[in-house]
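Both complexes below contain chain A, partnered by chain B and then by chain C.
And then the complex of A and B:
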């Protein structure tokens, strides 16, 4: 992929270098002696034609990428290349000019209003002249077949002039895109209500609207041998660390995949450890969060056709932060963040603790609490581990069914499953009341995670722990806890430690981690981007000045 | 002869982390029941024994740093090789590696016994050992960064233990401590000697030193860590000896655990069961650091990858764990380990420093002549 990109660049350069001189010559020639030059050129073309199709075909045999000067052969070639699809439109504008395009991929009104009238009025019919005369911004001339096909598929009209080995392409893509809606997976009460859609250009423009900064860099990378998906690599020059940018760029360029449909695939492919349970790269559909992270020194990737942006490097605790935390008053935001942090532990360890306690460690529960517990469990014929796994499974099934069904039916299923199944299960004596409370609490806690990917991980985490707890009690739970801790310590995101800012301890970054302190304490810098930002220091200096003034 | 150890800068860690490393390395299985051993000798003045043992530890740390500073950036194994030559140096290193292995073994055995006695009487000892070994293998293969991370989290996660130990204070009687200096000095010293098993762990600095980024600051943090653990042990000793009467304490094997078992919260009783299981994360840094220390020494003798080393090491420990099963055997072994540790940790550095000084002086003379 990398090499291919390089080659493309080189060929583009070549065409750029080649194209100006002839046009310059042409203009000069036209100014001095127009008639002769034209006739001369015509002579050459007619000569070429007169040499016959045999000559042409041999030339094509040598190099199938050459554009045929004969209209018939050219159209045939194009049809062959794209397997003559039903939506290919071919129109012969005049004796020599032919236009080809794929229906619905281009803006037809532009074709009708700007291109066709101009072409019909033209006398000088060379691709170069057409390029100059068409009043549209993106008109290019190509001499290679593969480039022509590639550009055409992105939404371009091919203008072929008989007798020339070059074609003009007018790029007027009509991309059907969903209108901008509010982000449904990461909804928030306060703050902007716009989410990314599936169009890369719209998404980039959204970001440009937030960050009016010439240092916002947008690099284009193509990935996927079959799909040729465009990616935009976004970062703020001078804020994002050079090392991170290079790592991401290199990982993207060395991707050797057939097809990419969504950004989530890219995120998994460029992860540090794809085997890990935990996501190391954030997927977000919120442009405000995306910009926020770009400004704090992260590297972002947008994928054409996907409504999720990728951000890296990310740390464990940042997955539990929401953009809304910054819009709330700081004590409230801190409270909410601590609540979410607590929810991780509740979600992962509460059911296992119940299972372990009731299987092995009855003595831990005080007597007044033990009586209702044993009463509610008296009717249940199963050991706690089976009971817990059974209920957890029901919750998972409900969630999965709710997620797949249309919203209205999903709600019904939730009510039927939650209320009917729950009460019926207790009445039937399959589970105990208290366990239902605990399992519901765990499920609730798992859904407080603001990030969907991390939420999934937090939810699934409890199953192995329940099994360990059922077999070896607290010892099993501690085993799971230690393994989890080590696992988290072993992870990295773009080579940067995953547990930062706790370990390695970065006291400055702690202000915006598990708590959110007032803004003067917060440095807009991600814990893993260790770049000294000159603006940052000036900001801090001005804050100090303010304090002095106050004093 | 390798003079300085080449350490990759990415492997280095900041000096303040030493605070957590040394604390985590010192606090381990000893805390469960060190009180009765000291009380046996020093009686009511057990707390003086603890202070004396820590004073000795401070002196030893001071001397270890003196030795390490004679060399630019080298660990204790490299210094041995430099001072005693290849063969005798390696022999001494082997002794140190064996010590690390013994420490590792003792920790696992003691923890295994506590689990079997307090929590799961029927759980197979082999299984308990295997679980611990698996965790250590997973942590060890992550490298030094992960091991230090565990020390760090272990330190913060176990901060709740001093807090719950405050509950028994309501039953404490201060006159169990009086009169002060009731025992004779020899007994107090003997008590201090029996602290060895509980106090060791700080010697890890001999291996860690080349990996510290700011070498000048390192010593400060180690001393501070020693002070913190001293406070912790003194606190526990104070609560224990005011809670139990003398005879009671002598008959209690795991005094700290007995203390915990009287705590009653509205939703929780028998806190010691939770605490014992939680202790896994407290002994984890000890195990990892000793395994790592052994590895650092071992690669001086035989070039071996981390993975191979930890697998072989774990297998050896697993096999060796079978014969020792009863309380009496374990206690004997603890005492044996205590005396080995005493000579290797408290006596050997003095000797080493002495030799290192002599050698340096000789070199200077030679240099002067040359």
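And then the complex of A and C:
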């Protein structure tokens, strides 16, 4: 369903007023109760967790659900709403004050040291007074039930005072998170060694550590009817183009999904073409790469509970660039980049070329190669296409087994499978040893792609081409190549051309795509992320005093 | 309905891939026998002897060459007859050399050349050559030191052409000359010598028939007139008096070995009616060897040497051209130059055949010894 939706282009105007998330409406309708009290909106400052425009929903006055002033009814209400879980703690502090929270979701030591003593020593308690007196930064007063529940589930203590239609919530979330570790899927030799973890707040703080800029915008959006996952939409105001920001925001807001667990799902849902083999949006676990791209005008999304950040718009060529290229000296980085581009072609076309040549085009084999090739093939009873598919299958099985198994066993499987199966297959005369070299070379080439998602695509691409090569020879390979090219040219990322800077040809960004230029020569940082201020699209790296100090 | 449309294109693609697979004709490398050399000769009146040298791959990891010979009136018929005696399909995609017997060369190569040109399987870069004597005995005799006859002959011809020791004779070049209305072609001649094969000379053709031969040594002069080159070594015997009394040698000649760095030739028509051509060859060369203890450092001596080299080369080239005029075989493509430079020439084979023996060529060689320090 979402395939059609995404075709609509985002409007150019920034839409500040947003409709509330659909989840709230549903709960409202279900739990409608007769309104008994007036709205206290005028004299209280309702503050939500987020500053984002998505939660400006307190303005509605005809909302029936209010907080009961009676303690008993309030507790009952809460229990009913969250289906009286076993970890709900209800504690009567004094005659009038009741506190409720979910065990392990809050920091218990703060509750014991700072909240409880204050509450016990309090006389003349009202929710507003409690808010003022508690020595904690995030204390808010709510007058609506669904907000109370929502906040409590993120890690807050409800303080209810009998006789008041308001509750005070103290937000002290205690979220278990993995400590920061080095990114394992996108490792690099030199450069920072920190990766995102599963906590949204930690990840945002990592970004803020790299970019100490007031223009870094962090918008909060909630997605998922069941999971209520928070997303952070990050961009740098003035650098990222408004059109791109609006497109991303619109796509996220118009998402109608129930469950979102990981950012990869979001990436697939907001892709330009979800049916395509090629990813159009980058997933990265490196904060430095994330920041790099934000600075070059891309829009980033972080998802709570996921250690992968989303970046868009992206181009095909950028998937083959690594963050490490910028840390290496430019000739070396250029060499590595060219090696990677070569690897794409080796990986996709080397085995098919072998199959096609040996099946149809024996004429093109150079004479010195004729004897070793034919002698290694002489014992093999299968046609080249079956032989190649068989070997490729072994390699894929080994890779999959290695990825699924624990690291220690995985390595053993790799060695056992690789060496034992390889030699045995040649000895048994099932495959030729030249093909083993070719297949290993192809597998190796596919693993040089710095991005895991793109690496998968490059690897899988080979199979249809092998089959076509086995059926039609070089015509099949050319056919596959043409189809691939047509498909790639049709793709877009946030509406921007995917194959830029090659098509449409953008000479200014062409240079930095294949060659890693020295800093002062980089004209445009990203091939297709349009930048609001053209000044910011260049890599400014000149000397302030015009001269380098030599001594 | 809309869903059906989305999947129509992929479905049609897959279906066509599946259905059209039947139209392809696979030649799996180890299941075919590769002919690397084919020889044609004439036996009797019209009978064509086809001899093929084939490489066969056996499961016991030993590839061996197989020589099959048969007679029929067409080459395709010959191939069919050979097929009857081999276990695998014969393919000509890896063909490197086509040899013609002397008898066939006398009879005419035209039809054989057409057959080779017409085949899409056969590359245009393969070499053609003529064999002195009987072709069948040439190919079927037992060469002890040559395990693969096809490859051996191919490499023999290839490296000699590269070093300007033989005239280049790829199918492409020969067919160009053959289709030309005015030019003729030349082929290298192979000869069996005891247990070895060597290039013994150059065969000159006219209208597809052999008309004369030149010695293998003359290939260098022919190549120098035919084309600009940047390769090749030559040995010249200059008169002993070249360097005055300095020579201590008692031999009749002063032998010099030259290595051509580059040679450029220029042909212009001077007189259209006779016709008369000016042929100028600029030769930059390196002095490799000189059988004399004279001091080469002196500029005077170098100039003397150059002068004598010019004289010698001019006379040699004149001799070669004169021979080709005698046998009326325009292997230097003077006719092409004439046609290109003379307006409304309206050349055809007969007209040029009459004009060619009457042709006059003024040969000027300008040799320059650039370096002589190689042996010092």
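Definition applied: the second predicted complex is superposed on the first by the 466 of 551 C-alpha atoms of A that agree within 3 Å, B and C clash if a C-alpha of one lies under 4 Å from a C-alpha of the other, contacts with A are read in each partner's own complex, and residues count from 1 in each chain.
Quick note on the criterion: a contact is a pair of C-beta atoms (placed from the backbone, for glycine too) under 8 Å apart; a residue touches a chain by one contact, two chains touch by 3 or more.
What you see is a predicted model; the values in this text were computed from it and never measured.
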Clash or fit, chain B versus chain C on superposed chain A: clash
Partner chain(s) touched by A:510 [first = chain B, second = chain C, both, neither]: neither
First, second, both or neither for A:473, with chain B first and chain C second: both
Touched partner set for A:486, first chain B, second chain C, both or neither: first
Partner chain(s) touched by A:499 [first = chain B, second = chain C, both, neither]: first
First, second, both or neither for A:401, with chain B first and chain C second: neither
Partner chain(s) touched by A:363 [first = chain B, second = chain C, both, neither]: both
From 5-13, 131-139, 239-247 or 347-355, the chain B stretch with C-alpha clashes against chain C: 239-247
Overlap of the chain B and chain C footprints on chain A, listed as residue numbers: 360, 363, 365, 472-473, 483
Residues of chain C that touch chain A when the two form their complex: 13, 17, 20-21, 24-30, 32, 34, 55, 57-59, 61, 63, 91, 93-94, 96, 121, 123, 151, 154
Contact set on chain A toward chain B in their complex: 360-361, 363-366, 369, 472-475, 477-479, 481-483, 485-487, 489-490, 497, 499, 502-505
Residue ranges of chain B touching chain A (in the complex, touch as defined): 13-14, 16-17, 115, 119-120, 123, 128, 131, 135, 138-139, 142, 145-146, 149-150, 152-153, 264-270, 273-274, 277-278, 280-281, 284
Residues of chain A touching chain C in the complex: 357-360, 362-363, 365, 367, 370-371, 373-375, 377-380, 383-384, 468, 471-473, 483
